[in-house]
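In what follows, structures are represented as structure tokens.
In the two complexes below, chain A is the common chain; its partner is chain B in one and chain C in the other.
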Partner chain A sequence: MKTKMKILWLSAISCNGNTHSFLNYPYMEQFLDDFEFIYHPVIDSKYLLQDIVSKQIACDILLIEGAISKEYKRADVSIVEIIEKYSKIVQKIVTVGTCATFGGIFRESGYENASGLHFDQEKKLEDFKYLLDKTISLSGCPIHPEILANTLYAIKKSATLRLDNFLRPKEFYAYTVHNGCTRNEYFEYKVDNHKFGELEGCMYYEHGCQAPFTHGSCNKILWNEVSSKTRVGLPCMGCTEPSFPRQNLFSTKKNMSIPESLPVGVNKRVYLTLAGITKAFKIDRLEKKLFDD
Partner chain B sequence: MSDKKKLKREQIIQCSLELFASRGFYSTTIPDIAKSLKMSVGNMYNYFKSKDILASEIIKYISIYLGEKLKEINEEDISTKEKTRKIVEMYFKTASLKPEMIDYFLRIYLSNREVFKDSCEGMLCVNEFVTEIMIYFEEGVKCGDLREQDFFSAFGLFMGYLGGMVFLKGENILPKDLNDYVEDITFNIYKALCAE
Partner chain C sequence: MIKLIEKIEGEAKLNFNFKDGKIDFVDVEFMSTRNIENILRGKRAFDALVINPRVCGICGHAHLIATVQALESCYDNLQLSNKAKAIRELTLNFELIQNHFKWFYLTMFPFFGHKQQILKATYPTQLMSKAIAVFGGQYPHTSYAVVGGVVCEITQMDIIKVENYISQTLKFVEENLVKIDSKTLLACKDADALLEFSGDLPDILREIKNTDMINHAKSYDRFIAFGENSFFKKGKSLKKKVSHSISLKDVKETEMPTSFAKNVSYKEKYYEVGPLARAMVNKTALIVDAHKKYGDSLYSRILARAYEITELLNYSKKLIKNLDLAEPSYIEPQLDISKLTSSGYSAVEAARGTLIHKVEIEKGIIKNYEIITPTQWNLSGGTREKLGVSQKAMVGLSDIKTAELVFKSFDVCSICTTH
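Our next item is the complex of A and B:
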């Protein structure tokens, strides 16, 4: 009989959004043939949460969903204690989603001392420092199911994942969400006449799109294998970043008409020079509706 | 471009600026400029293929010159109010030392758009200068000194004001030297743009 990798899906302070997002993984049957959840919040598993916290069940990978706080308990046991217990026996720990990685929405909600496992937004924490070598961060609100599954398969195959400064696999987070966006031409030529729900125009200038400075593969590994926020006309909300959630997600913060956050790594002078040049030209094709009936 | 050729190119631009200022843009021909520099007309065309191209290159030259001066001010670790004063000073100093430069900008570039329509769309030929003004505004708002507003409403107020003063000076209407107005104009501009 084939040995399945054993996974514990531990929910901390969470809305279970990642749990539900993962249910959209298109190859779940195959996945459950290769992996076994010793405990999962919604998928049938062999053990109860009480068993998990009272005993030490054999486990290979610990998945943590949700923000972490010393005050927070599961089955009457501190989440920190549960993490400490299982982190000793697992090969890898994966923080699933932005709350478990950086604190996310639950940190913003003001829950007492809530943060990610290793990061409080950008700040590196001391508490679980000894686990840094074991951890992989998968930020996102929610996590893309394929990114989670592919990371778990990489662990199973003992493939080396190169990680960024926040322990995120570069395979998925070295790109920006802007990469692959179907509105790139509008960005290039500074055509910002976007209206919500329409196919035309770039959302970076007026409607708060954070894709040019957000790390992720949303426009490369599509959601439900068909689309992404920006493709359907919703701005990227920067949900994979430590700063998520920012304020006013549907409007661009500008200083004297200049966006406060520029495309990642692009010097302000360079950006303004390029913008000045492209704005000098009017590209008729991009000013029109795509389907001009 | 060799240093020698670069120097010659700058000499042509400087001479053209002076001739345009004294005789007028349309009355000055390429042969006039060549004659003034003791160059052959044929050699002049090796540097600039037409008067329209020369006209565009001159405005780019002025934009780079002013843009570099502004960049130095932008990179100083001083308050937005101090930067405002330095920009006003720099603009007036340029208008006093190189009056033909600002004169060209105001009287030729802005007044004869048909000459520049093919090669200087939008702000293409004044990009360096406008970029630095944008950075001055953006950083001023970001640090809380300046009030958030549309770029052009602030740009018009600032540059329109300075341009207007230099224009009045050029018409010999101003009773005092431009430098005598630096304090008041800095105060007025900053008061109009500041956050409070």
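Our next item is the complex of A and C:
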């Protein structure tokens, strides 16, 4: 019988959104042949949470979901103590979701110094510094199931993953959410009159879409194998980034009518030059309804 | 004896008191909260559409719909197309369905001598998530319902896709849950006739019926549902008498000294919410018959939740058929939210029952936000003199294992309860 890799899925201050997102992984049968959860918030496991916190159960990968604060307890034991105990014995630690990586929404939950494992938003933390070499960050609110599953397979294969400054695998986070969006042409040619409820238009200019400056693969590896927020017409909320959640999410902050946050790597001069050129043209096809006769 | 109940979207501590070998009181304690209501205070009103789905990973969509409806109720004369209303109803139905499958195959199944059926839970769940993603872009955690409608425009091809996800899910039900065609199931009005069929649901129901479990988990026989839409009716059912004139003004939330959860009552009394309550208020023939024969027992509660899957799938087909694609998905509100000072509320039927959101906004900024979740209704921790709904259902049982089954039959969500 082949040995399965053992995973501890540990929830901290969370909504269980990553747990349920993971249940959307299409190849669950195969996954459960290859991996075993010594504890999972929903799937039955050999051990109870009480066993996990009172003993040290053999384990290969520690998955953390949710923001971390020493004040927060599971089965009467501080989440920090549980992390310390298991981080010693595992090969790898994976912070699943934006809360566990950067603090996310539950950074504001009122628990003392709630943050990600290594980052409090952009700030690098001292606390678990000795674990930096072991950690892979998978930000996103929630995590995309395929990104999680395939990262776990990479660990199983001992594949070398190239990571960015926040320890996120470049293979998923070197892209921006803008890559692959079906509304790209409206962005490129600056057709900025987007309205909700339409197939046409780009939400970057008015409606707060953060896709051009958000790292992620939402439009490359589609959600639920079907679509993405921006494809249906919902602005990207920047949920993979340390700054999530920003304020005033449905509105684009502008200075002198220029969006405050520009696409990754594009400076203001480049942006203005391009904007000037595209504004000089009117492309009828993009001004009209997509399905017009 | 204290037992930590796990895998209920978090945990709860149940302190069982026994007298003469029977449970005579259970104290229910939730150990943590995430202070969502505080997080919302001071934020822009529309940001609640992004934050609130994150109340819960399994019923976050209900929180989105409750949020958008609460915000919309702050406006005078806000316009909403029938298409947008129907699409919102559809995606909420799909969330309810995925929840019920998970509850049945992951939570209930192991209590009846079976292994957890992970793939039977995830297969239909994924189909329903796909159906939500067609409209909302992703599941969980979309914010596609915005004040004035929905962000998506839908095409004929989207409709075809969603219809196929529904049909495929119905097929799964017919091949697994109750092995008859769904038309026959929907026409069935006799709770005992259902036991003649094969399938995972009749298997469990037979097991309940053939043991003394049939008498378990009876509570007050008081039901309430506030979330009204084109399928669910608003009302309460008291000893089978249904009344539709109920007001949210009579709903009261009170602090509890020992738990992070707050008590919820209607006119000072505890009521059960959820699929059984909805079916009683809606007078769903099969469930009313089960209730007539077996009361508000484990049997009726499990049947009601599982049966709702087929009902909602079937009704969703109708909703789609009646969609008028020519209508707008979104009608821009006349008033900019930053100029709005108002208050509002909403009630929707989430997977576990009535979910209430209340909001106060001042020039578009959230001044106050209150959330009352379904599990709060069912798990309100009363005193010995005035037991909560789930407490009453557990009193009189002789073992903790059965008590855990009864507790989980309410489909408890720990994180929602304390939010």
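Everything that follows uses one rule, which is that the second predicted complex is superposed on the first by the 289 of 293 C-alpha atoms of A that agree within 3 Å, B and C clash if a C-alpha of one lies under 4 Å from a C-alpha of the other, contacts with A are read in each partner's own complex, and residues count from 1 in each chain.
Everything below uses one rule, namely that a residue touches a chain if its C-beta (ideal position, glycine included) is under 8 Å from a C-beta of that chain, and two chains touch if they have at least 3 such contacts.
Keep in mind it's a predicted model, so treat the numbers as computed, not measured.
**Q** Is A:L32 in contact with chain B, with chain C, with both, or with neither (first, second, both, neither)?
**A** After superposition on chain A, A:L32 lies in contact with chain C alone.
**Q** Give one of first, second, both or neither to describe whether A:E260 is in contact with chain B, with chain C, with both, or with none.
**A** A:E260: touches chain B, not chain C.
**Q** Once the structures are superposed on A, label A:C15 by its partner contacts, choosing first (chain B), second (chain C), both or neither.
**A** The second partner, chain C, only.
**Q** On the A-aligned overlay, A:A58 touches which partner chain: chain B = first, chain C = second, or both, or neither?
**A** Touch partners of A:A58: none, neither chain B nor chain C.
**Q** Tell me which touches more residues of chain A here: chain C or chain B.
**A** C
**Q** Who does A:L272 touch here: chain B (first), chain C (second), both, or neither?
**A** Touch status of A:L272: first partner only.
**Q** Common interface residues of chain A with chain B and chain C?
**A** Dual-contact residues (chain A): none.
**Q** Along chain B, where are the residues that touch chain A in the complex?
**A** Going by the criterion above, the answer is residues 71, 121-124, 127-128, 130-131, 134-135, 137-142, 146, 148-152, 154.
**Q** What residues on chain A touch chain C, complex-wise?
**A** Contact set of chain A toward chain C: 11, 13-21, 23-26, 28-29, 32, 41-44, 48-50, 72-75, 105-106, 108-110, 141-142, 195-199, 218, 223-234, 237, 239, 245, 247-251, 291.
**Q** Could you list, by residue number, the parts of chain A that touch chain B in their complex?
**A** Where chain A meets chain B, its residues are 254-258, 260, 268-269, 272-273, 276-277, 279-281.
**Q** Show which residues of chain C lie in contact with chain A when the two form their complex.
**A** These residues of chain C touch chain A: 4, 6-7, 9-11, 31-32, 34-35, 38-39, 43-44, 46-47, 49-51, 54-58, 60, 84, 102, 106, 110, 115-116, 118-119, 121-122, 125-126, 129-130, 132-144, 146, 148-153, 155, 161, 328-330, 332, 415.
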